[in-house]
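Shared chain: chain A. Partners: chain B in the first complex, chain C in the second.
Up next, the complex of A and B:
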């Protein structure tokens, strides 16, 4: 099995809060992988460590089989990243921003032109190419942000809550785009609160809670792990696994205190 | 185009098109100061033309004597247009003059000539009709005062000639004259310090003030740009790119410096237009004020002086901009970044105030060290140092600033490399907590 992302026993704390507690995670090449969990579970921290925004306290992160701290710039060429609720430079046109996104990643002018034609067509942004970003709706800006992350055609697209603020048509478009990329052998890694979307879209998901991987796999495996039955939804599986994790966490905490 | 260049171009375009920066920082100075200067310039030009033009006035001669006739003849000979009113009362005479659009009425009272003849002080009366409160409305009155002063001088010389024909009247009027000399840099010139410093004031104040404004504008631009990136999370995207973070810092610095240069040109252009509106005195340099040409050479800033000041300004700009970018990266939003920057502005004002009110070298040693620790002190204080021929202080300043700038760049680069750039969230205006 070839993994594009591997997290092995990753720990991270900031401002006195333990965000990740020995997180283990594998994302396979050519799949749509969903990271789900309640608020504060460590989803965004996980993504930020993978893209190099945050440094872990200990553990190992590999992207395409290589330790990210060994080649801190090289591996970033493989990644396109879209943070949650990103706002773009207001006073650039869509085309200028996409050109900038390509140039700053060292993509050739010819290739940038081709990619802009493709992406503006894909995201239905052709008539907005010369519009200032400030004049676009929130949904359109999100499309531009994703287009900019795809300008260099990355192997791994990482998105933090990509469906927030996007209308149903836009969400449908994104889902189609993600599926198309997977067909081309690329990987899409998203974190989301939207369990129904994750259920329909993702090949596999990981449920994280209090900085640990509670369970991961496709829906079938998760149903087995949670013992919720064949007809259970991801939401039901999620709630069951989180409840069990909470019980385990409380028990562990009490044992730890008892020992002390 | 390499990534760094792409970053600078993007910074430049995004900032340049931002209405807040375009209007507030780039266009407002040249527009506001330019318009104010143009209005003043137009007003002053009108005043000049009015002074140089023909003065029209009404005269009510209640005396009819020889000295009254002499005054009227002299006014005519000085190209004044005179209308002799027919009314005999003052109020009617004013109305009559006004009906002919004459705003000045000169009244020569009865007994004017006889008083002068017998050695009693004679009086004249001038009524000015003001129709509006503008600079132009005072011109006729000022002009007639000048005419009367000339008439008085002629009378004085004439009367003194009669009383003491063997003595030069100018001696009696001014028996002691004063020649003032100023010694500067070992050269002695015949001119009072007040005249020299009046002319030098614009140089020794305008340049530091301009530098101060340039730095303030540049820091605001850089801080706002950085805080917007952080608030809008585009900084996160930037930091995930396969380029060194120090290059991102350099790109932001370069973009801010470019905008700052345009803002400074705009500010200086507006300021120059504004200041030039006050140029009623000749603008040919100090020589225009009667100060010897060789002195002009001594006190004007030479080319090498401008080069030294330029180096000092650029070094302090880089240092202060990297501080501004670093500080704004600590803030959670644009407003907090500007509040943080406000704290930094306070020490920056100090050297500027010293240039106006005192000489830094006269301060106690501790205060002097404090002033010279502030980077902006060097470009600002170097103006006076260079004017007085002292190049040692500015050159030491270059060395200090080079070290300071490298240190701030190093600290900023370290800060950019750390995750503090994303996790630091200083907020001044805390949102109220919602309790459930």
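Up next, the complex of A and C:
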């Protein structure tokens, strides 16, 4: 089995809070992978460590076998990333921003023009090409950010809560896009709160809680792990697994205190 | 009209204004810095004014100057009405949707505006007290001056509010013509600033002229001020009537909302909002694109992108405006202090020295407000971050040095003075100032995140810049006082440039290292 993303025993703390506690995670090539978990579970921290915006305290992260610390330039060129709250250069037009995104990712001049034509057409942004980003709605900005993450046609697309702020047509468009990319052998890695969407869209999911991977796999495996029965939804599976993880966490904490 | 509703609304609005002041120590520091920063200048101005009053025989020029300034204030206030009546977003959501009457809202709004004005005008109160003391004015004269200023201020506020309501309710061409005609008429007394124009507007009954005549009359101890006081009161009553009739209209559905920006709020969110507003304003001038993927050098490409930013966010416009002002100040100082141009190199060097320190701070602060939140794009792209640092630095240095160099060169040619001292200062302050400011900014973002306090960044940057510029200041002082001669002057330029390049190189490497270690 070839993995495009590998996280091995990743630890991260900031401001005295332990965000990740030995997280292990594997994402296969050519799948839509979902990272789900309650607020503060460490989803965004995990994504930020993978894309290099945060530095882990210890552990190992590889994308397509490339270590982020050994070959950072080569590593980052494999990834397209869209954060949860998108901040874009308001002073550029949509076209200028896409040119900029392509240029800093080393896309050739000829390909930049082609990719911009393709992406603006795909995201229905043709009439906004000359508009300043400051004048765009939140949904439009999200589309521009996703277009810029795809400008270099990366092997791995990472999106933090991609459906927030996007209208139903836009959400449908995104789901179509993700499926198309997977057909082309690319990988899509999303974090989301929308469990029904994750259930329908993702090939596999990982449930993380308090910085640890509670369970991962396709829905069938998760149902077996949670013993929730054949007809259970991802939401029911999620709630059961989180409840068990909470019980385990409390028991571990009490044991730890007992020893002290 | 319900007084308790007006009072509650007034208190709410003032609390909104002052809430941000209480919330951040940086805001309080900013207010204290603002007040005490202006005091030395106001003290000097009050001394100069009181001396001038004692020596002046002809009071007409004083009336002309004062009425010109007052009239410009009126023009400014009424021109604000051209965008219609604006309210803050929180007011539109919370207040305008409640069962409050337009007049109740307007009265509370007017008084809260007056409160915020008085907080900002607090150095002017000290200035007023100094003038009263230095000129030994009687209590009755001092109170009459205060009353006249208050009447004039209320007239301004009432006119601004009423014109704004008219503009919001009737958005046709006729309204614009009406407002613009009023502005045009009020511009006549401003012609007093150009003293040679033979216009006898001081004889015309403008509110600004009445105010000027009352103040100057009271200062010079004249007693026939009844007509002027009646004239000013008449305009006050007229504006009040206009205000009362405008406040009868339900203008709530026609207002436009703006984000709430408190002048005391120094948070990053507020700076971003202000920058967004600035981009919207400057983008109205047209969007000319110079960014194309054909650029072979990534450095040139990135510099073009930075140039677009400073153009569209208004930084370039501010620099040009500041240096136009600087050259005016430099030439007027030398003109007023001496009949010959001996003083010009000193005043030019001083002004350039002060401005050159603030421009890098402004450029870097504006970059932080508009672009530091977008660092995730570069940091996740796999680009060479050092190229980005170089592009930023080179753009800042070229912008902060080119315009002053042109100003210094032009003034030196016109007045035939030696440009070496101001040139040395401009070049080195620009190079060292830009690299120090960016170094401190990135260092503090690395330590404290994007929301690191701006005031702290500004203060540390200024101190470090001055420290590193000490050798340059010494060299400039020697050049100004001793005059090195041509060969030594050029040598001193070479030495200073070499020193500045060295500092810039060292700091740019450190900036590159720090950017890699930023966690977002």
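Here, the second predicted complex is superposed on the first by the 260 of 260 C-alpha atoms of A that agree within 3 Å, B and C clash if a C-alpha of one lies under 4 Å from a C-alpha of the other, contacts with A are read in each partner's own complex, and residues count from 1 in each chain.
Just so we're on the same page, contacts are C-beta pairs under 8 Å (C-beta built on N, C-alpha and C of every residue); 3 or more make two chains touch, one makes a residue touch a chain.
Computed from a predicted model, the values in this text were never measured in an experiment.
In this overlay on chain A, chain B clashes with chain C.
When the two complexes are overlaid on their common chain A, residue A:112 makes contact with chain C while staying clear of chain B.
Once the two complexes are laid over each other on the shared chain, residue contacts for A:15 go to chain B alone; chain C is not touched. Using the contact criterion defined above for the overlaid structures, shared-chain residue A:28 touches neither chain B nor chain C, since it reaches no partner. In the superposition on chain A, contact of A:130 is made with chain C only, not with chain B. Touch criterion not met for A:175: it reaches neither chain B nor chain C.
With both structures placed on the common chain, the touch criterion links A:73 to chain B and to chain C. In the superposed model, A:248 makes contact with neither chain B nor chain C. When the two complexes are superposed via chain A, 9-17 is the only one of 9-17, 63-71, 153-161 or 171-179 in chain B with C-alpha atoms clashing against chain C.
Put simply, chain A uses residues 14, 48, 51-55, 73-74, 76-77, 79, 81, 83, 87-92, 96, 100, 103-106, 109, 132, 148 to touch chain B in one complex and chain C in the other.
Against chain B, the residues of chain A that register as touching in their complex are 14-15, 48, 51-55, 73-74, 76-77, 79, 81-92, 96-97, 100, 103-106, 109, 132, 145, 148-149.
Residue ranges of chain A in contact with chain C, taken from their complex: 14, 48, 51-55, 72-77, 79, 81, 83, 87-93, 95-96, 99-106, 109, 112-113, 130, 132, 134-135, 148.
On the chain C side of its complex with chain A, the touching residues are 275-276, 279-280, 283, 287, 289, 291-295, 298, 301-302, 305, 308-309, 312-313, 370-371, 373-374, 376-384, 517, 519-520. Interface residues of chain B facing chain A in the complex, by the touch rule stated above, are 1-3, 5-7, 9-10, 13-18, 231-234, 236-244, 419, 422-423.
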